[in-house]
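Data block below; observations after.
Per-chain residue numbering starts at 1, and chain names A, B and C are given in the order in which the chains are listed.
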Amino acid sequence: MIINFLFAAIKAGTPLLFGTTGEIMTEKSGNLNLGVEGMMFMGAFMGFFVGFHTGSLPLALLAAFIIGNFAALIYAFLTVTMMANQNVTGLTLTIFGIGFAKFFGEIMIRKAGGSPKLSPEFMITISEKPIPVLGEIPVIGKLIFSHNPLVYLSVLVAVICSIYIMKTRAGLNMRAVGENPAAADAAGIKVTRIKYLHIMLGGGICGLGGAYLSLINGGGVWNNSSVVNGQGWISVALVIFASWSPMKAIFGSLVFGAFSVLQFYAPKDIIHIPNAFYVMLPFLITTFVLIFASMRKSKTGSQPAGCGINYFREER
Amino acid sequence: MSSQSLSTKKEPFIRIIKKTEISVGKTIVLSLLALLAAIIAGGIFILAIGQNPFEIYTTIVKGAWRSSMATKGTIKIAIPLLIAALGITPAFQMKFWNIGAEGQIIMGGIFATYFALFFDHLPHGLLLVIMFVAGMVGGGLWGLIPAYFKTRFGTNETLFTLMLNYIALYMIKFFIEGPWRDPASSGFPKIATFTKNARLDQIFGVHAGWLIGLVLVVVLFIYLTFTKQGYEISVVGESVNTARYAGMNVKKIIMRTMFISGAICGIAGMTQVTGAAYTLGEGVAGGVGFTAITVAWLSKLNPLFILVVTLLFSMLEKGCSVMQSTFGLSSAVSGILQGIILFFILGFDFFTRYRFVFRKER
Amino acid sequence: MEKKKNETMAIELKQITKTFGSVVANNKIDLSVKQGEILALLGENGSGKTTLMNMLSGIYKPDSGSIFINGQSVTINSPEDAIRLGVGMIHQHFKLVEVLSATDNIILGAKEKGLFLHKSRSERIKDISKRFGLNINPEKKVYQMSVSEKQTVEIIKVLYRKADILILDEPTAVLTPQETKRLFEILRRMKKEGCAVIIITHKLNEVLEISDRVTILRKGESVATVDTAKTSAKELTELMVGRPVELSIEHPTNDYNENLLEIHHLTVENEEGVNMIKDITFDLNRGEILGVAGVAGSGQKELCEALAGLLPVKKGAVLYQNENIVGKTPNEIIKMGISMSFIPEDRLGMGLAASMGMVDNMLLKKYNEGKGPFVSKKEARELAKRLVKQLDIVTPTVDTPVRRLSGGNVQKVLLGREIESGPNVLITAYAVRGLDINSSYTIYDALNEQKQKGVGVLFIGEDLDVMLELCDRIMVLCHGKITGIVEAKATTKEQLGLMMTDAAGAKGGKS
């Protein structure tokens, strides 16, 4: 029972982990992109579309990643080069992305003459199956080593991003850009290039999260109306909860995932809490995290100082 | 030293220079140019999906206004968007990034619904006034919370208001599944439909929300332009230090303004439940709060422009839904077109502040 | 960094011009520095020193003119290019990332091999520190550092990049005399290593102490370059201000003899909780201009803001006719019949609303007058129009956003509004900073006029010559304490200079 619950929590947390990691990469370079929901929607469509036509998981993921890059490129161009308001541009990207995915989703449905379904072979590729040997370990085998391949990918991406941010030269440069672009610029860092790269990388990772939703959560069938149902927004919240660290995001996505499925596993006869509270809880907790962080006035583990502000070198 | 290689290095082809500011007239011309460019870009998109842009555009415009039914539909879409965009305006004017309109709309809806469900024995007029006030209080409180923490601890308002959207959304879920569930409904839990007594009256065939919206346009315009409080909002938005210097109580102003901002959004929620849906559902805000932000920003926070832009957006939305039946194209195209228009206007805004300088060929 | 000392110029700037909008910040400037030489770039505030150096460090791009480094013509498009050319600049406002450690800040953006940040990275930092006698804790986060520590990090950062051309923008403005001494030792050592050093300053004694040559800028033009050994403070001053030192600021006298403000044992903390004003006692009389001199950051800003009620007072009292006004809001102070006017240092960020026009700015302190919820703009418009005439303010219309006006006109708008409110006490912080001579004189005249009306003026200044002429008494602040209050007529610049650097020994008290 508990294993099933945690298993389901991991499954529900994975798309959030993608979205959160993507948004962390974006925010760490000094840009608050509120277009995660839109980028995930676009990734969901492209991932499904390519998976549907080619039957190849790598190609599907690549397509989702690239469309995420593309969506983020629009955002990057507008905010970095054209210096448009980041909040508004992000929201617009969400409107655009949802429209994009639903529009082409419907064309896909019409062409397929009904809801498009992924091929059975494809479904096997993305199904949950125990990893040989490791999967046979009791409890842990089921809990950790019996997932669909994308779950491992999400953790891998988060770990790589974490190492990248904290341990590499490029990661250091990117943090500097996010905190104080003027200082980074004076140190000879190409601020514009770094912002573009990380916004696009972040968008790509968000796109992967979208692909997870359409391929895995959708059960192999394209559902035009509710592929991405607020997961993008939850990811933005999770960034705060994870205090801008992809490693903490792994844990955070598990917590958020757990709350979203808790209503199906909680012993209802013992605990009488309305379902709505389970799903609300992550947001409440995040809000408190946000408040406490501001009360402590901590410099670390809070939003990069340059977030939300566009940089223009000759500003005076 | 690598100066050897650098000595031949050319200047970049384009660089950006800050402009001395330009006049209002030029700004409007630029906005219109942006709109034109967006329409052309949208046209190219339509062409790319194998349709005739002229036909599609005509259908959208006609579709939105072709009959009194369609017109009413367009206006119905416009009402919450207009009110919420007006609600965003004072907060944004103050550079308080309130992206919590969605949640404030919802709280307005919840507070109003409470009275609609449990006080519908009151006389119609009184009940509606109470619901109106309740909606304002609900939305206002939801705006006040982040303002309090912002002034007290400096808590980031963008993220805070974003969180409150979801907390509000799940509150609806709570009421629907719990205390306010309609016992008569079988299957899917929902809240009972309001009785006739608790519904907003119609004026010219559309619920009175449009009148409220228009009144708010005028009131807000006057409030922001001519009143002392409006002046305070502008100064705080300009510089908190200047406001303190002028002897203003900045914290009070931020809290008051956010209450007003939330309260107006709350009105949008109230009109939605009592005028359009006659019940409280999870879709009461349905993303309007987010679209409203883009509308307000696009209109440069001017209530009169907001009215125009709202009508444009509503027309797009309504017109695109018509397209579905005429051309078999998904109504979601409205999201794409809205996005394109917004992208272009956001991009063109650059030219009001900066200009490009091209490298002179030597 | 081994370089032969030869006669190739490390830097040569030819005919550099840079404009911002309609303001010409640099006009056809020539400048050169040899290897192993320290050049002082001298000029008043707003003479274009920082702008010029920012073009060398890649922050700004010149509109025209050419730059030669080690004899090669170069184009510097970005700070990155500048670093590659060996140019390192230490900005007045440090360009450090607060949440990162010293080490991280130093290696930031350095072009080095390797994907990962190695533990051994601090070895070279240690080497450099040793070689130049610098001392920092490499793991300390920048936000926990003192100003001088931050400066040290900036210096190591530049050395780490093997820069052989070093530019320092007003490096001593925030340093204690001891720290300044240490900095100069470092600079001399760099000179010995063959580096070319440019130091931006407006302090004559430092110029004479450290530099080999001096280039003087005035109003965006280079007026002269002289050998330090062959010049004097007097000559430099004349070159800098463009006229003989004998300023002809009027100094009217009057026979008001009344105490206006008494400040007792005032202690003020800044927002970070550091005591910036430490237990100071002085008074301000009716009909006098009391000058406040001191090195930048000695507590001037905090003193002004505390008196104006913008910063809470930690201890002490401010008596206005024997009534304590500490703890009262600006509004309450006004209601007591005290009209205190404050011309802050940051004119557009504090005294005015930058994107509003003159009319709306006239309302800033008065918008709340009158009954009803509406703002009445009629009087403000008339006032704005009157000020335009009285003070020769150049503006397209009275509704043009004030940030589009030139610095002098902005100051006139601000001062005009404050004077119009008929104050008893007028506090001005750096009232003529960035203003040309004519505008400055307009301001001096206006202040004298106020003085003759019986207003007590507190004049925070930086140009000692001006203060000696204009003020009746001068109070000197050093590290938040009063080192002396002297009659302007009975003192000299040198004496003031000594008090500013605390050399005379700190003695709180009245003259």
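Everything that follows uses one rule, which is that a contact is a pair of C-beta atoms (placed from the backbone, for glycine too) under 8 Å apart; a residue touches a chain by one contact, two chains touch by 3 or more.
Here is each chain with its UniProt name: A, B = ABC transporter permease.
Because the structure is a prediction, the values reported are computed rather than measured.
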| item | value |
| --- | --- |
| Most centrally placed chain - per-chain CA mean versus overall CA mean | B |
| Leader among chain pairs (count of C-beta contacts) | A-B |
| Most distant chain from subunit A, judged by the mean position of its C-alpha atoms | C |
| Interchain centroid distance [CA atoms averaged], subunit A/subunit B, Å | 26 |
| For subunit A paired with subunit C, centre-to-centre distance based on mean C-alpha positions, whole Å | 47 |
| Centre-to-centre distance between subunit C and subunit B (centres being mean Cα positions), rounded to whole Å | 44 |
| Overlap residues in subunit A, where contacts from two or more other chains coincide | 314 |
| Where subunit B touches two or more other chains, by residue | 18 |
| Multi-partner residues of subunit C (each touching 2 or more other chains) | 20, 61, 84 |
| For the subunit A and subunit C complex, residues of the former touching the latter | 167-170, 172-173, 175-176, 179-180, 182-190, 299-300, 305, 313-314, 316 |
| Residue ranges of subunit B touching subunit A (in the complex, touch as defined) | 16-18, 49, 97, 99, 149, 153-156, 158-160, 162-167, 170-171, 173-174, 177-178, 287, 290-291, 293-294, 297-298, 328-330, 332-340, 342-343, 346-347, 349-350, 353-354 |
| Subunit C residues within the subunit A interface of the complex | 20, 57, 59-61, 78-80, 82-84, 89, 91, 94-100, 104-105, 107-112, 114-117, 141, 143, 157, 161 |
| Of subunit A, residues touching subunit B in the complex | 32, 34, 74, 77-78, 81-85, 87-89, 91-103, 105-107, 110, 230, 233-234, 236-237, 240, 274-277, 279-280, 283-284, 286-287, 290-291, 294-295, 297, 303, 308, 312, 314-315 |
| In the complex with subunit C, residue positions of subunit B that touch it | 1-4, 6-7, 9-12, 15, 18-21, 226-232, 234-235, 238-239, 241-242, 244-247, 249 |
